[in-house]
Amino acid sequence: MSFFVGFFSALWAGVKQIFKHRYTLRYPEQKLDMLMVNNQKSGGYEFDAKKQVGTAGFKGRHILYMDKCTGCSLCAIACEGIADCIDMVKVDKTFVQNKKSQFPQIDYGRCVFCGFCVDACPFDCLFMTPFYELATTDKRSFVYTPEMLSQYPQLKGEYKFMPDEKSGAHHG
Amino acid sequence: MEVVDQEGRTLTFSIGPQHPGSGHFRLIVKVDGDFIVDVKPDPGYVHRGAEKMCEERTYIQNIPHLERPVIFDSSGILFPYVLAVEELLGVQAPPRAQYIRIIMAELNRIISHLYWLAIYGIFLGHSTMFMWPMGDRELFIDLAEAIGGTRVTFSYFVPGGVRNDLPPEFKERALKTCAYFEKRLKEYDRIFFSNPMFLKRTQDIGVLKREDAIRLGVTGPNLRASGISSDTRKDEPYSSYQTIKWDIPVRKEGDCYARAMVRFQELFDSMSIIRQALDLIPEGSVKIAMRGQIKGKVGESFARTEAARGTMFYHIISDGATHPYRVKISVPSFRSLCAMPFLLKGNHLADMPAIYWGLDYWPVEADK
Amino acid sequence: MSQSIEKEELLLSSIKDKFGDKVSELYVNPKRIKILVDRENILNVATFVRDLGFNQVISAGGTDFPKEDSFVVDYHLISVDHEDLKRIIFNLSTKFPKNEPKTPTLMEVWPSAEYHEQETFEMLGIIFEGHPRMERLLLPEDWNDIPPLRKEFKLPSRLVEHGSS
Amino acid sequence: MDTFEEFLKRVITIAFWLLLLGPVIVLPIILLVLPQFGVPVEVANRFLIALINPLEMLQFIDSLGIGPSSLFFKIAAFPGFTFAALFATLMILYERKLLAKMQNRVGPLYAGRFEGILQPIAELFKLIFKELLTPEKADKPFFWAVPFLAIAVGGAFLALIPLSPEIYIAKSEIGLVIIFAILSFTPLIVLTAGWASANKFSFIGGLRALHQLVSYEIPLILSTIGVVMLSGSLDLMKIVQAQASMWFILPQFIGACVFFVTMIAELERIPFDLPEADSELVAGWYTEYSGMHFGALQLANYIKLYGFSALFTILFLGGWNGPATLPPVAWLFIKMFVVISFILVLRGTNTRIRIDQLIKLGWVYLVPLAFANLFIALAVASLGIA
């Protein structure tokens, strides 16, 4: 007899879900609100070189503040053993604090978004933004030059942020 | 059920690397009619040489690599590496960092158990039990992402503490999620765990008695399901686990159903651990400031923690350089390789998925 | 936090008076014991340690020390059900010269060491006498290079990019 | 490499020119060519007029002898194969949406403007354009024959199921026996598929399906004997008329349960989908079928689901008996909708059971229950309730 009780209670547990709300986040129209998790300047993961501690944030595409970067290539050395995706690249503009005017260029085809380059930067000029839409059609356009890295990224296409707690993965 | 391998009656085929039922791993199965006569596991399809890679990289550069074997339990398997390196450096993580590590490890345990539960559902033909855990997993991935920054491989633990503090109002969000999920788990129980069809497929199948479990070197939930209450968090409390009170789920039968129920109960325990950790967490720094390259003292250290699948163990030998001299990684799935042929022999072919995935064997982790 | 290590001392003394000089004690820390045994009598030391209560081997790995021209094989043992031994990791290690890389297998004592020893054979070329399957486990079938975990095996990718850095 | 839009633009322009130039060029050619083949001119004229005026089309078809009342139309179109195929595609969509809703997800969404309504058609096109792979060592003639045999059995099975007193294809005194005779072909088809595709997994899947289908035909037939005893005839029409006062599910509840369980086993659906057990046998006996072969097998599967649910409603739920507010056919479809929903819901909440448990369930539980059902039917008939 307990077979039927168990069987039909399982059936009812399944059918009951028809009236509950859906999990699915309809990506192109709805996007998760990763921005400004805790209102830092770059919106994503940051690391304070003096206190040697980071602030929680989404590890998305990097943002490079070229006015502070001295081209010391510590980030390239840090990334060497992990994904080896940062190369120091000459930039035609001249900067006072960067005599060799060389800046990090990140190849997102290899980057694993671990953020150890941000930890390694002694001048707080490489942070991460909550931007995650990096898909491209050819591998060459994965390489972001320092100029591209210094513009703050915008989410593309018309979309509305995941409006409230109810829908999408933020349910419950 | 003793099945003898008579000549000419058996059909050998490989539940191979390209098979929905095995993941990137091959089981060479000899079948006589519907009964499995002999099984030879053949791992190695996703071997990356993690141990050789560790010798070429500094202690910090190793962290993203050592998370790769089990990406959905990345904190769980990175934990012993960080503890072993701290032993080499002779430092101790600050108390707040220890509690944050507990929270991250338990979040990852829930994520890993839900991933196991989803695949276990689809292996037994229960497609709803694939979709629900995959949907609810997103809740905990969001929580871990708020702390660690990414969805799966957080690279969040570093020797000396954790890389950043908890985000603001993380506690309310975590408690809300846990409350919601505990209601959901009652539905899981009704549709899957006490579903008579599930009981038919898992009860007294692949029975691993107590002394066999010890003899074959199985650890983690598989061991606790055979009546031995051995959990590294209780046996050798690390990272202030001793201040947290919960009782280890132990079951006597040792069959697939017991293994499933132990993991199901661990979901509840992990949530109660997270709640206790959130209450007990002290204020203070989360990381010991360490500039430049880390150099370990000459010598060796080994550490073990309780990852979702079992005891994770690291043995690091250092000769004082910035690179470790040798890192020996011992993963729980590699140890259940030994139990697999023992359990599968003599069973029906249709029981293979229930037993194989009941051991929570993850090919990528076993190959390292 | 200085933890009492008299439990570990007790264990060590029981081993010492059973085997005397055959066992040399490397260190005893809280929750960690490491002893060095040479190849000939590792088998009976292992059975003795298992009867002490360490009934599971969680890891058996080898290391190559070209400077001392020797291999070291470490067995890490834990006790699963003895309350007082649960927190201890017992490290049984043995050292032997590189030119004859042979050591008896401990599969009779702990059956679960089978795959660990097979992996160590494949990665370092140490032959475990008495092991039923001394063959390839993880490496691809067509692996014709020297065992990869030996120090003289250099990862090709590292040489190409960084020269002698 | 042009994008999808350009490809679509080119297809539409070609279609446009064909539609524009077609009647202007092609039709006169037809008019010149047809008389040579001995087709009288005025028939060709009526065909042309019928092309424009749909009413005219009806008479034209009637005159050719394939009108709505003709047997060909009944077999090919309404109660017959095309209707069942359309109903099957609708059922595929309904199942995927229902299953999705039960799993907190949304189901097919983007095919067709309104919630993925065109998903089955999109899938049909996809399957048509997929390549038909034949394994190199396969037994080619049998390998190719199986999809058509499967559809043939599925289709033939429908011929004997009346949808309402007027809508039926074949009316015969022993309709039920013929249905079961047709159904006994399925194990043969499944075994040939398993053997012909020269793949170990499908061979084991084929054997399992053979065990399942053969051992479940006995309880299937036994459970309907009670109904035949109560209604006193093998003709489905009379069975439905006999249920005017009381549906047979009440006196024959055990028979109805046995029939329902064996029906799911015959259809190889979730609690019993051993042959297609994708976790250990990849996809059972239709592993090697791709493209339209796989489409044909799926279509046959869903046509059998349509046929079986119609049979269940006729045998146990009083077919088209219902208050006169709705036409009889509508009542049949409402009851069928309920039965189908219950079968599809089972897929969402159950795991697969093992082959030996399945056979044990069949022989140890279902066959004795079916026999017990006979005695209940005897008691009910003698007491004169039904």
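Letters A, B, C and D name the chains as they come in the text, with residue numbers starting at 1 for each one.
The criterion applied here is as follows: a contact is a pair of C-beta atoms (placed from the backbone, for glycine too) under 8 Å apart; a residue touches a chain by one contact, two chains touch by 3 or more.
On a predicted model such as this, the values are computed, not experimentally measured, just so you know.
Novice: Would you identify the chain whose Cα-based centre sits farthest away from the centre of chain C?
Specialist: Farthest chain from chain C, going by C-alpha centroids: D.
Novice: Of all the chains, which has the CA centre nearest the overall CA centre?
Specialist: Ranked by how close its C-alpha centre lies to the overall one, first comes B.
Novice: Per the centroid of Cα atoms for each chain, what is the distance between chain A and chain C, given in Å?
Specialist: The mean C-alpha positions of chain A and chain C differ by 42 Å.
Novice: Using mean C-alpha positions as chain centres, tell me how far chain B is from chain C in Å, no decimals.
Specialist: About 24 Å separates the centre of chain B from that of chain C.
Novice: Measure off the straight-line distance from the CA centroid of chain A to the CA centroid of chain D, and report it in whole Å.
Specialist: The answer is 50 Å.
Novice: Which residues does chain B have that touch at least 2 chains other than itself?
Specialist: 56, 128, 135, 191, 195, 197
Novice: Residues of chain A that touch two or more other chains: which are they?
Specialist: Each of 10, 13-14, 17, 23 in chain A touches at least two other chains.
Novice: What positions in chain D touch 2 or more of the other chains?
Specialist: Each of 102-105, 348-350 in chain D touches at least two other chains.
Novice: Using the touch definition from the top, list the residues of chain A that touch chain B in their complex.
Specialist: 2-3, 6-7, 9-10, 12-14, 16-17, 23, 37-38, 44-45, 47, 51-59, 78, 80-83, 112-116, 119, 128, 169-172
Novice: If you look only at chain B, which of its residues touch chain A in the complex?
Specialist: 56-58, 60-65, 128, 135-136, 138-139, 141-142, 145-147, 149-150, 153, 155, 163-168, 176-177, 180-181, 184, 187, 190-192, 194-197, 199, 285-287, 289-291
Novice: Residue numbers of chain C touching chain B in their complex, please.
Specialist: Per the touch definition, chain C meets chain B at residues 31-32, 55-59, 61, 63, 74, 76, 78, 80-81, 86-87, 89, 91, 110-116, 119, 123, 136-140, 148-149, 153, 155, 158.
Novice: Which chain A residues qualify as touching chain D in the complex?
Specialist: Touch list, chain A to chain D: 10-11, 13-15, 17-18, 20-24, 26.
Novice: For chain B, which residues are in contact with chain D within the complex?
Specialist: Within the complex, chain B touches chain D at residues 11, 13, 15, 19-21, 31, 34, 121-132, 135, 191, 195, 197-198, 200-201, 348-353.
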